[in-house]
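One chain, chain A, links the two complexes that follow: it is found with chain B in the first and with chain C in the second.
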Partner chain A sequence: MSWEVVIGLEIHAQLTTKSKIFSGASTEYGAAPNSQACPIDIGMPGMLPVLNQAVIGKSIMLGLALDAEIGKRSVFDRKNYFYPDLPKGYQTSQFELPIVGQGKLEIELEDGTKKVIGVTRAHLEEDAGKSVHGLVPGQTGVDLNRSGTPLLEIVSDPDMSSAKEAVAYAKKMHELVQYLGICDGNMQEGSFRVDSNVSVRRKGEPLGTRAELKNINSFRFIEKAIEFEVERQIELLESGGKVVQETRLYDAETNTTRSMRTKEEANDYRYFPCPDLLPVVITEEDIKAVKDSMPELPEAKRQRFVSEFGLSEYDAVVLTGSRALAEFFETVVALTGSKDAKLCANWVTSGFAAALNRDGLPVEQAPVTAELLAGMIVRIMDNSISGKIAKQVFEAMWKGEGTADSIIEAKGLKQITDSGVIEALVDAVLGDNPSQVEAYKAGQTKMLGYFVGQVMQASGGQANPSQVNQILVAKLSD
Partner chain B sequence: MSLGKTEVEYISRLTQIDVQENQIESVAKKLSNILELFAQMEAVDTEEVAPMAHPLDAVQRLRPDAVTEVDQHERLQAIAPAVAEAYYLVPQVIE
Partner chain C sequence: MHNLTIKQMSEKLQSGDITSVQLTQYYLDRISQYDPELNAYVTVTPELAIQMAEEADRRIATGKAELLTGIPVAHKDIFCTDGIKTSCSSKMLDNFIAPYDAHVVTQLKKIGMPILGKTNMDEFAMGSSSESSYYGPTKNPWDHKAVPGGSSGGAAAVIAAGLAPMATGTDTGGSIRQPASFCGITGIKPTYGVVSRFGIVAYASSFDQAGPMTRSAEDSAWMLNAMAGFDERDSTSLEREKTDYTAELERSLEGLKIGVPAEYFGEGLDASVEDVVKKAIAQMKDLGAEVVEVHLPNKDLAVPSYYVLAPAEASSNLSRFDGVRFGYRCEQAEDLNDLYRRSRSEGFGEEVKRRIMVGAYALSAGYYDAYYLKAQKLRRMVRDDFVHAFKQCDVIMGPVAPTSAFNIGEKADDQVSMYLSDLYTIPVNLAGLPALSVPAGFAQERPVGLHIVGPYFSEAKLLNIGHQFQQVTNWHKQMPKQYQ
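On to the complex of A and B.
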């Protein structure tokens, strides 16, 4: 019996604002408990929310990037439920008239095929606080700093049919919100949270009952959790059981999911329009203003990198993987006079990106700035150093030893291009290896590589390799 | 439409409002009266009427994205029933 998997994702992206969605309290992460929770955030009676204008522009931006309908008139509603981290007894959210309507996002799968995933909607809402357990026995501590933090909940259509597709979509959305600069994408701090709705059905049958997997903060675990859940549901159904609609928690240690709470009653949220907030009206001018300020999107950037710089598709994909890396690359190209974008791409994707990875640093915190890297690449381009020496220079720059020029100077790494000096080195090597010279002359021309190696070694790696080659060939054919 | 005991108990649970056994009948009656009022209103043809989000015909004003609030947790927590290490304390919640 063959089963079809149906997955829809709800992604909560925390918007990058300084203050909260309805109050002037700070949204900064990691502050002392309740130090950033003002009377509005803690739900004091009589407090009136006032909407933060920044969340509107950021939402429109996502809507435009998803090719979605923008809600010209959007309304805030109260979603009612009781939980200690929600002091008002309701979450201010959007129900019938969200700010972003139906849109779409194209994903690419591992085998290169593309698939368009529908985005049902994206709506604005406030985050809740956090509960801490174990502070005082028998009681729960509540920190309301997060309460009122602006979230954009992005709801997909149930268009994904495997864990891999779901992760590809989540990653694409993760990349997009960071490109747009509307969310910092930090999954550890909860700025980007993915909830997966998973169900299975026999081919041709109506949708099955879904289970929701919540609070998984890595793409790898999202994939594993969905895979486990799919298997669990299929086994359950094949053995005659029934899937119940519930929220399940993923346990990374055991790679299983377990029931958290059934939703039969919690689902009755009794939404109604929030009387404290008026409808938000968005004009064509508002949309145009956002459109004009939109950064170039990843896909467009990728294509431009191929056409403008002549890069391979692969390099373009790697470089546009994050906006920061792409911008870093373009700065390096510009600073080197735009003469050899391919060389710049090689250095950014290998040396630079590898060092970032090794030290776990974001682009902005790299000890080697675009200026420093460009300074070194210029020295490769004018033959002052070879690519091999450049690696040494790069490591020294990474350790903060100065600019490429000062390192080359201090360590005496300048490439030897004086043919007189190289000839002397070649003569010495040939003189020291008479039998190899004989072999070469007898037809073993692959000996050339050995001689090149010897000369390079004798020069401390600093001789210009192509000159060494030329001179060797000339001398050996005497 | 009139509400019975089961519905009142369900609503009581959702709203976290404790309704005593001996109050159920009168609460059911009161809620039913309200629903009857809605039933009367349903007679109005609203086919062409857009749902109203707010009684005022006005548009939401926006505020600039700036931090204007300062830390006042000590003052705010002075009226909290229980506090520890700047956390509000509530009866234990277990998921």
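On to the complex of A and C.
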């Protein structure tokens, strides 16, 4: 019997605003408990919400990037339930009229195939606080610093049919919100949270009962959790059991999921329009203003890198993997006079990106800035150093030893371009290898590489390789 | 002293005839004398009042005083006051001291109005008699057997008894106008959005509106000047040009078109109340107004609509009182649910619990369309009635309540009868319109008010009509004998 997997994702992206969605309190992460909760966030009597307008533009931006309908009139609703971390006894969210309507996102799988995933909607809401265990022994505390943090909940259609597709979608959305600058994407701090709705069905049958997997903070674990959950459901159904609609938690230690709460115990949220907030009205002019201020999207950038700079598809994909890396690359190209974008691309994707990966650093914290890297590439372009020497220079720059020029100077790495010096080196090598010279002259022209290597070695790698080549050929054909 | 108008009081303060400290002490003394019996104040703040009066006197001395500087005020116990208990007359908030002031409180503090204390009310403003207060009912100064109305019953009583020259009130379904009528004082509920709700403990957010409660329309105009205005902390506060509500007081009523809805004089209206109201309208004619008949055919839909929508909003607004962060917490909770259940069961009174249950029911899955959405539709129909009627008249006049003040305990076991006592005031809240209640006579020796409803933002016109009426009548000047 063959099974079909149906997955839909709910992603909570924390919007990058300085203050909360309905109050002026700071959204900074990691402050002392309750130090960033004002009377509005605490739900004190008589306190009223005032919408932080910054969230509107950011939501519209995502809507445009997803090719979605923008709600011309969207409404905040109250979702009523009791919980200690929910100070007002309701969460202000959007129910019937969300700010972003139906849209779509194209994903690419590892084998290169593409698939369009529907986005049902995205709506604005406030985050809750959190319960803190262990701070006071034997008691549970409540930290309301996070209460009122602006979230955009992005709900996908149930269009994904494998854990890999789900992760590809989540990663793509993660990349997109960071590109747009509307979310910092930090999964450890909870700025980007992915909940997966997973169900299985026999081919051709109606949708099965779903389980929701919550609070998984890495893509790797999302994939594992979904895979486990799919197997669990199939085994359950094949052994005659039934899937219960419930929320399940993933345990990375054991690579299993376990039940957190079943839907039967869940609340009737008694949604109704929040009378304290006016409907959000968005005009065509508002949308146009956002459109005009929107950064270039990854796909457009990728295409432009290929057409404008003549890069390979592969390089373009790597470079546009993050907005920061793409911007770094474009800065380097500009600083080097835009003469050899391919050379710049090679250095950014291999040397630079590899060093970042090795040290686990984000682009912004790299010890080699775009200015430093460009300074070095310019020296490759003007033949001051060879590519091989450049690797040494790069490593020295990474260690903070200075600019390319100062390193070349201090270490005496400048390329030898004096033909007299190179001729002397060539003569010495040829004199030391008479039998190989014989062989070359007898027709084994492949030996040229051997001679080049010997000369380069004798020069400490500093001789200009093309000059070495030229002089060798000339001398050997004498 | 307590028979002076606010303007006269102000003139005495400015001229140095009296000081604010003297004036404030005069009211504090009356409070000590009369309030133990009347029970109109939940909290009296003598030290604060005198301290604020001293500041006001210093300000008057520098010549930088405003008209209301130095005139004491009593706040309904629903307005949060920094450092003073704000109980909403509920056990739930008996221990609650807000670390902030309501916008209205801030405004009046800025002007330098000493705070005498906080007035009693129906618990969380849910009621029409002030009997549901945790601190016991307030008595009607005209007859201690009678209720003062509600929910702003304490505020109405302190004005009627001369225990404060001015008081703040809030009106969700008639809570300023009905007690004003029952106690023979003047009160205006402004257009929804004219006065900021910031810092007012919410009952039903889309209806709640604060307003002044005073002896005369002129006094209310001065006080509304101080209370009204845009506040960016309330998203439903309206950003409009500042209005001087005293500007039109002296205008003649010549040519004023008064609409009298036939539906307001039908079954249920006490005959002597009807008599008072009709006589008052006749007097308006003497002042140059003309009367036209108008129709508000959906009047009977208002009370049912209100008693779905207001409880629905209340059920959500009152969820924050959960025993976790502030307010009443039950002892020895076994677990989280026990903490919630018992804190709320023990902290809220019967009427509050009743409305929370009704509201939660109306919003619950499967009933939302039949109750909440339907009630919203009725709300629009009631509003449209007014919009239509105001095409034919400038203002609408009728009774504030179907009877004069009823006796304490009389309707305690009959909720529907209690709810119906607001049938003339509730439609105004559904529509968000401004409306005034002015004393117009007596029925069964208890005061009766005239209800004057106007189009949006017609407060200045309503106060003008009230003031002109009070130039030719003296109902607003009368006081119960024992308080004279």
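We adopt the following convention: the second predicted complex is superposed on the first by the 464 of 478 C-alpha atoms of A that agree within 3 Å, B and C clash if a C-alpha of one lies under 4 Å from a C-alpha of the other, contacts with A are read in each partner's own complex, and residues count from 1 in each chain.
To be clear about the criterion, contacts are C-beta pairs under 8 Å (C-beta built on N, C-alpha and C of every residue); 3 or more make two chains touch, one makes a residue touch a chain.
None of the values given here were measured: they were computed from a predicted structure.
Chemist: Would you mind checking which one, chain B or chain C, touches more residues on chain A?
Modeler: After superposition, B is the partner touching more of chain A.
Chemist: Going by the contact rule set out at the top, does A:Asp143 touch chain B (first), chain C (second), both, or neither?
Modeler: A:Asp143: touches chain B, not chain C.
Chemist: Which partner does A:Pro84 reach: the first (chain B), the second (chain C), both, or neither?
Modeler: Both: A:Pro84 reaches chain B and chain C.
Chemist: Let me test your reading of the model: by the given contact rule, A:Leu278 touches which partner, first (chain B), second (chain C), both or neither?
Modeler: Once the two structures are laid over each other on A, A:Leu278 reaches both partners.
Chemist: With the two complexes superposed on chain A, say which partner A:Asn52 touches: chain B (first), chain C (second), both, or neither.
Modeler: The first partner, chain B, only.
Chemist: Once the structures are superposed on A, label A:Pro39 by its partner contacts, choosing first (chain B), second (chain C), both or neither.
Modeler: both
Chemist: In the overlay, answer first, second, both or neither for which of chain B and chain C A:Asp268 touches.
Modeler: Touch status of A:Asp268: both partners.
Chemist: Output check: A:Gln470 vs chain B and chain C. Expected answer is one of first, second, both, neither. What do you get?
Modeler: neither
Chemist: For A:Ser19, decide between first (touching chain B), second (touching chain C), both and neither.
Modeler: first
Chemist: Of all the chain A residues, which ones make contact with chain B and with chain C?
Modeler: 39, 42, 44, 50-51, 80, 82, 84, 142, 268, 270, 275, 277-278
Chemist: Spell out the residues on chain A that touch chain B in their complex, using ranges where they run on.
Modeler: Of all residues in chain A, those touching chain B are 17-19, 23-26, 32-39, 42, 44, 50-54, 56, 75, 80, 82-84, 96-97, 131-133, 135-136, 138-144, 260-261, 265, 268, 270, 273, 275, 277-281.
Chemist: Note which residues of chain C are touching chain A in the complex, please.
Modeler: 79-80, 86, 88, 93, 96, 98-100, 102, 197-202, 204-206, 232-236, 312-313, 315-316, 318-322, 324-326, 336, 340, 360, 363-365, 368, 372
Chemist: Hey, which residues of chain B end up touching chain A in the complex?
Modeler: Touch residues, chain B against chain A: 10, 13-14, 16, 51-54, 56, 58-69, 71-73, 76-77, 82, 84-93, 95.
Chemist: Could you pull out which chain A residues touch chain C in their complex?
Modeler: Chain A residues touching chain C: 39, 42-51, 78, 80, 82, 84, 87-90, 142, 268, 270-272, 275-278.
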